[in-house]
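Read through the structures below before going on.
Two complexes come next, and they have one chain in common, chain A, joined by chain B in the first and chain C in the second.
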Partner chain A sequence: MDEANVARRGLSPRLWLAGGWLLLALLAAIFAPLIAPQDPLAQDLMLERLPPFWLDGAEPGYWLGTDSLGRDLLSRLIFGGRIAFIVAFAAATSACLLGSALGLIAGYFGGWPDRIISRIVDVWMAFPPVLFAILLVAVLGTGLSSVILAIAIIDWTRFCRVIRAEAMSQARMDYVESARIAGYGRVGIMLREVLPNVLPSVVALLSLEMGIAVIVEAILSFVNLSISTDDPTWGSIIAEGRLSIHQAWWVLVFPLITLILTVLSFTQFGEALKARFDPVLR
Partner chain B sequence: MLLQRFLVRLLTMLVTLFGVAVVVFVVIRVAPGDPIAMMLPPGASDDDIARLRALYGLDKSIVQQFFIWLGGVLHGNFGTSISLRQDVLGLVFNRLPATLELATVALLMATAIGTTAAILGARSRGTAIEAGIDVASGATLSIPDFLWGLVLILLFGVLVPVFDISGRVSPQLDLPFATQFYLAESILRLRFDLTWDLLKHMLMPAVALALPLAAIIAQLLKQSLKEVLDLDYVVLARVKGFSETQVILREALKNAALPTLTLVGVQFTFLIGGTVIVERLFSYEGLGNMAIDAVINRDLPLIQGIVLVFALLFVLINLAVDMMYALLNPRLRHG
Partner chain C sequence: MSACLDIRGLSAVLPNGQRVLRSVSLSVQPGEVRALVGESGAGKTMIGKAVLGVLPKSVRIVEGEMLIEGEDLGRLDPKARRTLIGARTALIPQDPLTALNPSRRIGPQMTDRLVRILGWSTETADQRIRQLLDEVQIRDPERVLKSYPHELSGGMRQRVLIAAAFAAEPRLIVADEPTTALDVTVQKQILRLIAQLQRDHGTAILFVTHDLGVVAKISQKVSVLYAGKVVEEADSSALFANPQHPYTRALMAATPRYTDPFASLKPVDESVLAGLAAEIAAADQAWRPGHG
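Right, the complex of A and B next:
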């Protein structure tokens, strides 16, 4: 009872703040060409390392300052959001579909499908995820689709483990037995009865996974292994900022804040969804 | 009972490691680019290529190739690094101690911070202090080590430059060490000036790795402590006149620690996985940093060796945690 109240009270502002930031960042990314004050790729050595607007020496129109090549930081962050959100949605959805399907099969059917899938999950868990991601991108070649594929290949186990456990406990419940007596087939019961009941967990995990995908993409572009073009990404801006940290701290600070807010929002959003759907907490 | 459990675990571990070997082999072999072409200078004759191909067994079927490769790996033959032109196993063992020391220091920090926060939270349960610990651990947990590393670089490398944010040890120092376990050796040799220098370099990456784990320990241990604190024997200790902190330290902690221990084991492997990017961030000369260089140089033998060593480490840690849990859990010990 106590926890339910806490969950309900904590729900609204958290959900609003997190959702608000994500919506803002997403809209900025979608309408980047309209919103960005400058061309994110335009270099101007006359304008290199301009500080943000409240400091001496700032130039109007370059709100968050410029990097060591004179490129506008705010515009680069806005355009970088495009890659971040594409990766977040595409990679998380792919990992979710693959992992949930396998988890549902393993948990609901049990037996040898479960043994095989669980063994594969064990093998996957023996790889350090970041190293695995870097290795896969190195093998697949850099590029947006490689990054998405690598994240999906690595992170499906997160969904598989949780959904397997949930499907397992659902499969033991009375309603599954009733459906069987009513004459439904095993696959039919899995899709029509068990799946809707594990869906809340899937949705909550999906939101968490989007945050993870954003980080992994940032890490990959930080080590220069993400997309190969000149398009700005949050990770490549951070890499740039790490190099010029003593001359232009803002090149590191602003993408870092953007990344932290985005990850926190995805996590909070996921937690809030979980609390909302969880029958025990509700 | 215990032995049987151990043997079953050992067998599962071998199956997992075999799976790891298959995955690594497949991933490396689908890599575009002929591995032979990478070893030879441009302009090598077709004869040379064919001879080298036969030498490495690349003219055999893919399954035969796998077992030739696996046989080599089992004999410690991980091949030669393409970019560094040295034996892969030697390179890996040269760098592994740096990573192990970093991960161990981070684990100790996480345990210390997490346990302190948990005891503080359990002692002042229901107050603003507990709520504060909850909020802080929740936020700490949500931010991954990569971002913590960057935050620490900004705070203690730029804003208040008190710690070193690059490297493992100051380059001008003369190191008298016989092994690569610098930190352990500096303590054993009583060279505390070097210990201090090493710790100054290690502190920031270790904290970045420790913070998420500390938050998990704080949350879970506090929860178990609160459950234990309502049990009869703890109430009895309280009646005997022990203070709340004494009750927690002398009575509750021992019994509340078991679930946390299992989790810490699993999380320790995540922490070790995190060293890859955190070492990069702080230019710390460990295995992870070398792995990224290897990937950038497309040095497949070296990557393969590093991935296999990491996987072996992960599986061994999980086995150790499982055994420790079985030894400490009375239900499994006597069951």
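Right, the complex of A and C next:
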């Protein structure tokens, strides 16, 4: 009991801080047109490289300053969040569904399904992920759906490996054997007995993967292989900021902070959720 | 009347050809408790698993028959076998920690089998479970039914598992060292409960244990197992009064006495083990797979 209480007290700030930031960023992304102080695409060379609000030379209405084309940085970050979240949810969910399903089958059934799936995973993991992503997007063509598809295709193995191991250890438990003796079918046992017990890990990984998807999308944007160059994404803003780092550091620093906070929140939120979901830790 | 469980000449091998069960024969009559005694690795649990159809994939049955109430498991197709085993048998497992699904509440977990596999109505199943919880002396069934397994003590969990095993009125229960994972004080209560329910329900039990003290308390018949071979078989009272096989005698001598526990803790005598090894080698020599 004591342990559970310690765990709960220790977890709460983590859950609320991470969840709070994600909620804030998500709401900002959803209501971007209402919230953004400026048009994220509007260029004004009279206003180029304005510093953030607390420095000399800042203009009201441009809170975090402007980039080298005079576009408002805060507005671009807010709009960039839209793509980040769409990619995070869609790519992570696809990777999760594919990887978890295969991992569950491999771990629970063992034997030849396991051998086939594990070999595919081994081969898959031998590809350098970022190069693989760049290659995939180059083949599939740039665009939102290609980016999502590429991330899902690369990262399903992450789910597959973890869920396979968990399903394997669950499958050895006596309760699975008891269900078998009682006369439940294999598929039924996999879905009704094993799946609920690996679900906490699935949830934690899903959240972690959302963070990774945000990073991969940013990397693809950085190398100009993500969405059309018009739409602001965190990665493309960082790429631009890199070029003007000596004149306008804020164009690089603010998107980086946003990215780091978001990815960190996703991973922390996942861990906290896992603890909440797990009846033994609860 | 056919035996509740009849095992005839059962042999099983590992992939490397080593025999883990050596022509095991034993039977359990309706309403009877048969103890299966032996040290770790003797194959006691293996026999239980073979009966229940949950042998590890690596263990292969190469000869022999298993009959549950006269029906030969080997002659049934897998689905019919599962149905028969599910309807007529149950398991009281060794480790109550892992024998309950940690993410499901006790109530649904117990009724689910009755409703989904045996087709009872939810109400009947619910009533039945409450009745069984009462029989295993669980005082606050409401709380237990709503609990997750980790919220219950080991003894409580074992009671739940006993109730679950008896719930569907199986003819045969395999009890696989059901008290080994429990505290000594709880062991006694659990043993008494199993004996009580066994008498009330008239269920036959194959009681797997390494504890001769337990055998004396609960069983009418005993089979002593060594290295997958039944070395002695007798009525419990006869076995304790007059053990025939040297291994059985050695096993009894190795059981600690409470009067002087340390003095009597001694391993099974070397010469007895040597004799056993010779006996088993001779049996293996005579044995040819497929000629059973």
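Everything that follows uses one rule, which is that the second predicted complex is superposed on the first by the 263 of 282 C-alpha atoms of A that agree within 3 Å, B and C clash if a C-alpha of one lies under 4 Å from a C-alpha of the other, contacts with A are read in each partner's own complex, and residues count from 1 in each chain.
Assume a contact is a pair of C-beta atoms (placed from the backbone, for glycine too) under 8 Å apart; a residue touches a chain by one contact, two chains touch by 3 or more.
These figures come from a predicted structure and were not determined experimentally.
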Chain A as common anchor, with chain B and chain C clashing or fitting: fit
Broader residue contact with chain A after superposition on the shared chain, chain B or chain C: B
Chain B versus chain C as contact partner of A:135, first or second or both or neither: first
First, second, both or neither for A:175, with chain B first and chain C second: second
Chain B versus chain C as contact partner of A:245, first or second or both or neither: first
First (chain B), second (chain C), both or neither touched by A:199: second
Chain B versus chain C as contact partner of A:69, first or second or both or neither: neither
Chain B, chain C and vertex chain A (Cα centres) - angle in steps of 10°: 90
Touched partner set for A:184, first chain B, second chain C, both or neither: second
Partner chain(s) touched by A:35 [first = chain B, second = chain C, both, neither]: neither
Shortest CA-CA distance in Å separating chain B from chain C in the superposed model: 17
Complex interface listing, chain C residues touching chain A: 52-54, 57, 82-83, 85-87, 89-91, 93-95, 98-104, 113, 116-117, 148, 150
Complex contact set, residues of chain A against chain C: 110-111, 173-175, 177-178, 180-184, 193, 196-197, 199, 279-280
Residues on chain A engaged by chain B in the complex (per definition of touch): 119-120, 122-123, 125-132, 134-139, 141, 211-212, 215, 218-219, 222-225, 238, 242, 245-246, 249, 252-253, 256, 259-260, 263-264, 267-268
Complex contact set, residues of chain B against chain A: 12, 15-17, 19-20, 23, 27-28, 30-32, 139, 142-144, 146-147, 150-151, 153-154, 157-158, 269, 272-274, 276-277, 280-281, 288, 291-292, 295-296, 298, 303, 306-307, 310-311, 314-315
